[in-house]
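Both complexes shown next keep chain A, but they swap its partner, so chain B is in the first and chain C is in the second.
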Partner chain A sequence: MTIPVDIAQTTVEQLAANQAGLIAIGAGLAVGLAGLGSGLAEKDIGSAAVGAFTEKEELFGKGLIMTVIPETIVIFGFVIAIMLLM
Partner chain B sequence: MLKPKQMSRVLFVGHKDVLEPTIGVLHDLHVVHLEEYTGEEYFSIGKPLAGVEQDSKRLLKLRSIASFLGIKKPYIKPTSAEKVSSELEEKLDELEFAVSEKLKKKSEIEAKIKDAETNIHEIKVFSGIPVNFDLCSGYETLQVFAGTIKKGAEIEAGLSRITTDYQLYVGDTGTIVLFVLAKHADVVAELLNESLFNEVKIPAMSGVPDELLNELETQRDMFVKDLDSLSSEIDSVKTQYEEFILASEELLSIETQKKEAPLFFATSEHAFAIDGWVPDDEFETLKSRVEEATDNRVHVTRSDRATVGADEGDKADDANVPIEYDNPKIVKPMEAVMNLYARPRYHEIDPTALVFIAFPLFYGLILGDIGYALILLAISFYGRSKLHGEGWNSLFTVLIYCNIVTLFFGILYGEFLGFPLAGPLAGHVGHQGLIPGWHTILLFQGIGGELVTYPIHRTHIITTLLVLTLVIGVVHINIGFIAGFVNVLKKHGMKAAILEKGGWMVLQLGAFMLLFGAVGVIPSILPGAVIFALAVIMLIAGEGGTAIIEIPSILSNILSYSRLLAVGLSSIGIATAINTMSGMICPEEIGIFTVFAAIIFILGHALNTALSIIAPGLHALRLQYVEFFTKFYEGGGRIYDPFGYNRIYTEE
Partner chain C sequence: MLRIPWKRKQGSKSYAYLCARVRAMKSKLLPKEDYPRLMNMEVAEITRFIEDSEYKADVDELAQKYDGANLTEHALNQNLALTYRKLLNISAGEAHSMISSYFMRWDIWNIKTILRGKRFGASDDEILESVVSAGQFGYHDLITLVQKDTPEIVGILEQNYPLTDYSEDRLDHFENVLDKFYYEELTGIEAVRNPKSKSHRLFSEMIRTEIDIINLKTLFRSAKAGISREQIIGMLIPGGLKLNMITLKKLAGIPFGEFVTSLKDYSYWEPISGIATEDMESLIRVEIGLDKYGLEYATQTSHYYPLSIVPIMDYILCKKNEVDNIRMIVRGKEVGLPDDVIRSKLVL
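Now for the complex of A and B:
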């Protein structure tokens, strides 16, 4: 009757490991997908902003602001990741 | 500080006889921002003073000579303006004579070199063929084929099947010259085409290719030598006249600027009127100097709208007033950061001083590493001493400010190039610190059971730091709202200020009360809800329905400050990765892998140093521009560009 005990033990360890692993995957997804989201949004704004401030240099500041606005998305992702890992 | 320089609108009216001395004084004082006269009613636009054409011509000549000689702008000792102006005409003619001849000669030689090179290029394909080009054309019964064929193609076998009367030469580059009887020309052409024959034009020269080539190459080398000696002659002219060119260019620029100034003025048949802006504190000097120079024949007044102050009527002119920053010297370099966004408007708070505090603080909070701070300090001090110009100077000075703060936070965090300086807390396992004997001390317990220590180990107290960054965010944003309150108060009065800006502050208070109510710090969520609702009503009254859409943005603005922690952690991450990698490679004894480890260490940290300027810089900047400025700042003021000239190469 020793074999079932072994199985039970491994299952508990595996369970804990699985949990930790899933949390890590979740955190990774939170940052990674949020980063993709930011990137998708920024690429269009960024190219438009570069175009604008090559024409008119004073627009650099405004262009930069517009470009970095979606960056907040990835910061949210980061906050979620930290909360998951805590 | 916190306010642009106060300006007055000023008007000079006088007789045309005293126009020239007036312009002279205005130019010397370099304080009046001229307003261009554009109307065409009673007055007309002034005409330039006499002699401007001659000056412009000379200036044009000088500038073309300067560009031919390749004169850069070094920092040299200024010469006396009087001396330059007295010998200007004579010396300019002398210079023109010296330069124009050389210019002509130079272009001649360059043309010759180009010719020779084209010929060399044409002949080179025929090198190795011992036939004079003369003999390659002009036959009636012979056909000459000259050109290239496919590599390795054997045409002799084919030729011998057609005729035995042929002469074939193959050159070094695989070019062939083939003589056949004219009657065989068509068949031979077909044969050659099978070998991908490509005709090359025979150069219209006389001589055997190899000899010609030699001759031309010697010729070309000679020309190149000539050009070299000419260039050194030109260089000597350059060194001889450099100072004169720079000084006289400056002098003539000033002269033309003065003489063209009347184009800005309103003039009638006998009188002129000059309109402009002057800083309040310069007005009295300006007035007395102008009156002195013209025997009181010019009437100087501050116009009715003098000292464009707080009274209601001037609001429309807000955008019209030229803006000159009014900051202490230490804050000045930050104006570059402001200009990148926009200059403040006249009635607005000038936030340069606030940025001066917050920007380096955020930068230091993010980076916080003694090693990078020292490297970047060294770079910026070196750069500031080597690269001149206002832009560079501001950039490096800002970088110095930032890295002084970084150094402070580096000591607080106990980090050096990603290594911890202090050993672990007593009773804890962890990396040994770089400084033996320095142990981490426990200060107090942070949020969620985290231990706040000295030095602060950022990677271990993430929750506590996260909350701290958000608190910094709340404080920073509310400073922005207070500034906005002041701006709106000045512009639209108390009611608008309370509704528009006060509403946002009340909203935050309500949100926090709600939060505290929800987690049980205060017994009920009711007071929070009431305050929140009140704030929403205030905002709708102040800004209209769109305010509702903007309510969530304040939350995202505050959360955005968590980047103060996030970007810093990523910088530590990169540094630790570099250290671990080089540590893993580095062997116990010195060997070839020690070198690899060193290379990884140096390159890695060089990369991270570059990132240490970009990432914290950009993020700290963004927090100013996006989160802070949007709360109060409008920007878009005109640049104050006073009439005058910054002399560099001449002095009076």
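Now for the complex of A and C:
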């Protein structure tokens, strides 16, 4: 098997830099995709909460709590991102 | 024009907001437990009681003009119209089009009220007190209509409604024609005739169940009255869910006892099995049983499909039922009916 010339010529520092870059992309994807997932979940819960407390103001607190529950998904993504970066 | 494939139509399928809001509105309806309390009150007390609930603004507004049972009745009517109009205002897309098609029933109701009022010489104000502007006709459209004479009203309406050759002597015939026209129009819309989405299918099933219930009531009444088969078939509405025209024609025109026995083969027998007998005198309990079945069907289906048109339809039916129940109690109290008679007519 022949090793491509450009890889054969890369230094250890360059490989380390590439790895760090890939880790950063992974961390970014973990937070970003988890954020998108939370957004999708919160969209319907949020609009339902607004609908409910428009009619009954006392439901504001409950609605707010329900709306932020999917935020936990982002926290998981955030934890993974930190673990990757550490 | 550039089309973005993933762009969502605004409000077309977003039932979360509407259903949550409607559920919150439903939670403000009078609970079942309040009805025995209402039964123990006088008309003035009932008015005060409903003034403490969702009807406050309507009672306050109309208190200078009316009193007693009339005040309660007008407050209930006004509140019903405003609630239905509110549903139209807060809905969008698919839900809005289905709700507005369903509310065409109030246009038919208003046309019938105006024509009946004109026929029996009621004043414009009296007619306007009985209309419910929950359909396509706004209150101002109705005022304009009421101020005209019957031929002028018919002239305006016959473009869109089957009032050709209208004559005041055949008012009952035209009332039947209008009712039938409403259901024909409703079953003719795309969502009911050819449902493609889940919400359309559920809406279609609800409408067609309602048609079944109306047809069953017609069959019960006509079997009891001994009307001829041809006349009965003329009154039946096509498009039912479980009772198609062939089945209905089989059931039409047979003697009452035989009719009740044949019903045992159909699924609608279950809600009325404990009530309907071959030799029953009054049909009130059967009709209430069927109405109750319609309400329970809507409520149960709304639990299975919480994000669809069904919770909204369920609310529409429950609100109408609440208004009807309170009206029955108030009117019953006003004419001095015994409590058990009033209670037997409530749909709870």
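Quick note on the criterion: the second predicted complex is superposed on the first by the 76 of 86 C-alpha atoms of A that agree within 3 Å, B and C clash if a C-alpha of one lies under 4 Å from a C-alpha of the other, contacts with A are read in each partner's own complex, and residues count from 1 in each chain.
Just so it is clear, a residue touches a chain if its C-beta (ideal position, glycine included) is under 8 Å from a C-beta of that chain, and two chains touch if they have at least 3 such contacts.
None of these values were measured; they are calculated from a predicted model.
Undergrad: Given the alignment on chain A, is it a clash or a fit between chain B and chain C?
TA: In the arrangement built by aligning on chain A, the partners chain C and chain B fit side by side.
Undergrad: Which of the two partners, first being chain B and second being chain C, lies in contact with A:D44: first, second, both, or neither?
TA: second
Undergrad: I'd like to know which partner A:T54 touches here: chain B for first, chain C for second, both or neither.
TA: second
Undergrad: On the A-aligned overlay, A:T72 touches which partner chain: chain B = first, chain C = second, or both, or neither?
TA: The answer is first: A:T72 touches chain B but not chain C.
Undergrad: So in the superposed three-chain picture, is A:I82 touching just chain B, just chain C, both, or none of them (first/second/both/neither)?
TA: It touches chain B, and chain C stays clear.
Undergrad: Quick one: minimum Cα-Cα distance, chain B versus chain C, in the superposed arrangement, integer Å.
TA: Scanning every C-alpha pair, the shortest chain B to chain C distance is 5 Å.
Undergrad: Considering each complex separately, which residues of chain A are in contact with chain B in the first and with chain C in the second?
TA: none
Undergrad: Which of the residues in chain A come into contact with chain B in the complex?
TA: 58, 60-62, 64-65, 68-69, 71-72, 75-76, 78-79, 82, 86
Undergrad: What part of chain C is in contact with chain A in the complex they form?
TA: 14, 16-25, 27-28, 307
Undergrad: Touching residues of chain A toward chain C in the complex: what are they?
TA: 43-45, 47-56, 59
Undergrad: Would you tell me which residues of chain B are touching chain A in their complex?
TA: Listed in rising order, the residues of chain B that touch chain A are 340-342, 448, 462-463, 466, 556, 559-560, 562-563, 566, 618, 621-622, 625-626.
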